[in-house]
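In what comes next, subunit A is part of two complexes: it sits with subunit B in the first one and with subunit C in the second one.
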Partner chain A sequence: MFRDAALVAGRDLRIELRSRVVLWQVLPFSVLALLLFAFAFGPSQARLVQSAPGLFWLALLFSTVLFAQRSRALEGSPATREAARLLGLDPAGVFLGKTVALFLELVVLEVLLVVGLLLLFHVVVVSWLVLIAACLLAALGLASASVLYGALSGEARIRSTLLPVLLLPILAPVLIAGVRSFQAAIKDGAGLSGRWLGVLAVFSLVYTGLGIALYGPLEEN
Partner chain B sequence: MRKQLDRWLGPLAFVLVALDVWLGLWITPPDQVQGEYVRLVYVHPAVAWVALYVAFGMAGLCSVLYLWPRTRSLAFDYAAAAAVEVGVVFTILTCITGAIWGRPTWGVWWTWDARLTSTALLAVMFLGYLALRRVPAEPHVRARRCAVMALIAAVDVPIVHFSVNWWNTLHQGATVLNANLSPTIHGSMAWTLLLSFIAFTLLFVWMVIARYRLEVLRHSGERKDLDRALSERRAEGAEA
Partner chain C sequence: MVSAISLQSAVAVAGRFPVLAGVDLNLDEGTVCAVLGANGAGKTSLLRLLAGLTALERGAGSVLGADLTKNTSGLRANVGFMGHGVGLYEELLPRENLAFMIKAARLDPSGIPDALDRVGIRGRVAATPVGQLSAGQQRRVVLALLVARRPRLWLLDEPHASLDAQARDLVGSVLEEAAAGGATVVATSHEPDIVIPLADVVVTMAGGVVTERYAGGRMGSSDVS
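Up next is the complex of A and B:
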């Protein structure tokens, strides 16, 4: 399973590096979202710092939908699925591989968004450990849920409208826990963060487990 | 038996709902604290019970039965679809009746309370389920996707139920299904409340049976259309 996962993750990342769709389309969208949020809230620095945690996670969630569409597009054609079956790839391995690739892409996005917040919103992070833990746990949860829901959402022509409707409601716990963790990270002391980091960890574990169990049956024709 | 059920179930459900309305509005006394607003208790908890536990519970159970290889049948998929569709209607009714009670009691139509928010999320997730059902696919592929979606969404049901215990909420705790299983309502109010649960459950069963039959007819119609189109193409091929 892990060998198959490494193969699929390598393939997805190689395709992204060569096509540069993520680099030229998805990442600019995320930065644009941050800028638009700033325009909407006005130039008041206090207001921007106060709303920064919410804006960070909203930008991340909306970008995750694009990442999920992109990740599914790589797997979506019947020929690709047929090839994976003929090669004898374990569906759980395919799921894990796609999750790892998406996880790494989301981590890059999170780094970019944090840098954006530091430079544009003048956010001062007090507890980097809390922020990094929240970002890594959330990226895993977002990646596993996105790959699972990508498989659920069916054909390409429907997916672009259906996937956000299916995916965004179930990402609500990540949004709530992520915002609380981020607030703890930019305030003095971690306070609430332990419980909310726990929520992120449970979400990630549950969706990774569900994906490993259900990805195979969902990909059957 | 089936014809008799068809004949009596709907009218019986409507008569019981009418009886519940009559008892709730004219016979039961006003509450010492809430006054006349308590009369919504003969609608709101029963509607919420049907939506959360009966409808989504049935959808979850039918989805498990579909996914389980030994019991796999499209009948369970159709039953889950019927339960979710009616359940979404009842969830929206739950939110509306709750808002009508909340405005005079809490001072707002809506508040970001854990119970309310988790219920709204549940409604949106099952709306997603209904959207997923409309994606064209081979019946068993669609059934498998929808069963997985229903099971994931059904995880929110216990969160909604226990939200009043896990978080500090404005919404009151359970009146009947509380931790001690000791109802905090008595007399004619308790009997009317019980009647409301029976009436709305019967109404749900009647609606689900009707919706299930519609789903079966729709799928058999789709199959007939497909067979007809295939035979027409074959006939064209034979002529050529």
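Up next is the complex of A and C:
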């Protein structure tokens, strides 16, 4: 399983580095979303700092939908997916490999968005440990849920509209727990970060487990 | 002779439509079989059933010893499939495509350069992403994958489509090498003049069933079924 996961992760990352769709389309969208949020909330520093956690996580979630669609598209045409089925890859390994690739891409996005948060929203981070832990746990949960729901969303012609409808409601716990964690991590924030980091950890574990169990049957059907 | 394919009254469906309506087919290992028939006769569906990509709805069948009525995932590693579609990752180079698929099949990737060279994928073409190659060049890459994988069962859906005369000769020699190495080959075609001389056995399909079976023109063939 882990050998196949490494193979699939390498494939997805190599395709992405070659095509640069994430680099030139998805990442700019994410940064642009954050920028527009900053414009929409006006110049008031207090308002920007207060709204920063929510807007960060909104930008991340909407961008995750694009990442999820891109991750699914990397599987190629129906003929390519069938060719891959004939290779005997462990479906759980394929799921893990795609999740790892998407996790790494989301971490890069989170770094960009955090930089945007510091520059545009004038946020001061009190606890980098909480912020980094929240980002990593959320990236894992977002990646695993995205790969799983990407397999559930069917063929390309309906995936573009169906996947957001399926995925965004599922990601609501990540939004809530992420915002609370960030509020605990920044100046003037509040809340018990441990509880919310726990929610992110449980979400990640659940969807990683579900993906390992269900990805194979979903692909076969 | 060892049986490679054994189908008795095999029925397969697509949705509610029977794409195979009771196929009887028996082939020994090392046989080259050409499958002819009009569009919609069930040729592609037969290949997909043999690859384990389509479920056996009724009847009995075994491929390379694997019972088609049970889980066929174990069969797939022994099958090489060339379908209508390219089946490759367009952003990757031919070598990278083969490397991924060979390693996924847990085979030795050291034979990849020879396999690509065997089908004429060299130089500038070998350094071009598959999506930028012509249809004929893409099918050569798929053929290289089969050469590198050396599966026990080769399933080819119209292998000569989109190929020039030189490439068609190449397909013939590759299939001959595969059969000489003990592989079983099943190839569908709309070009009987090209495929019959390569085959030990020729079957004709219509309406999802095999309607005719006779000996092909391959040297030394003597199908007596």
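Just so we're on the same page, the second predicted complex is superposed on the first by the 214 of 221 C-alpha atoms of A that agree within 3 Å, B and C clash if a C-alpha of one lies under 4 Å from a C-alpha of the other, contacts with A are read in each partner's own complex, and residues count from 1 in each chain.
Simple rule for what comes next: a contact is a pair of C-beta atoms (placed from the backbone, for glycine too) under 8 Å apart; a residue touches a chain by one contact, two chains touch by 3 or more.
None of these values were measured; they are calculated from a predicted model.
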Practice item. Could you look at A:P217 and tell me whether it touches subunit B, subunit C, both or neither (first, second, both, neither)? Key: first
Check your understanding: Touch check for A:R14: first (subunit B), second (subunit C), both, or neither?
Key -> second
Exercise for review: Could you tell me if A:P169 is touching subunit B, subunit C, both of them or neither one (first, second, both, neither)?
Suggested key: first
Review point. Which partner does A:P78 contact after superposing on A: first (subunit B), second (subunit C), both, neither?
Key: second
Practice item. Pick one for A:L89: touches subunit B only (first), subunit C only (second), both, or neither. Key: second
Point to revise | Doubly contacted subunit A residues - partners subunit C and subunit B | key: none
Check your understanding: Tell me, which parts of subunit A touch subunit C in their complex?
Key -> 4, 7, 10-11, 14-15, 18-19, 76-80, 82-89
Practice item. Using the touch rule from the top, collect the residues of subunit C that touch subunit A in their complex. Key: 51, 53, 73-74, 76-77, 79-81, 83-92, 96, 100-101, 103-106, 129
Review point. In their complex, what parts of subunit A are in touch with subunit B?
Key: 152-155, 158, 162, 165-166, 169-170, 172, 210, 214, 217-218, 220-221
Point to revise | Contacting residues of subunit B [partner subunit A, same complex] | key: 67, 121, 124-125, 127-128, 131-132, 135-138, 141, 144-145, 148-149, 152-153
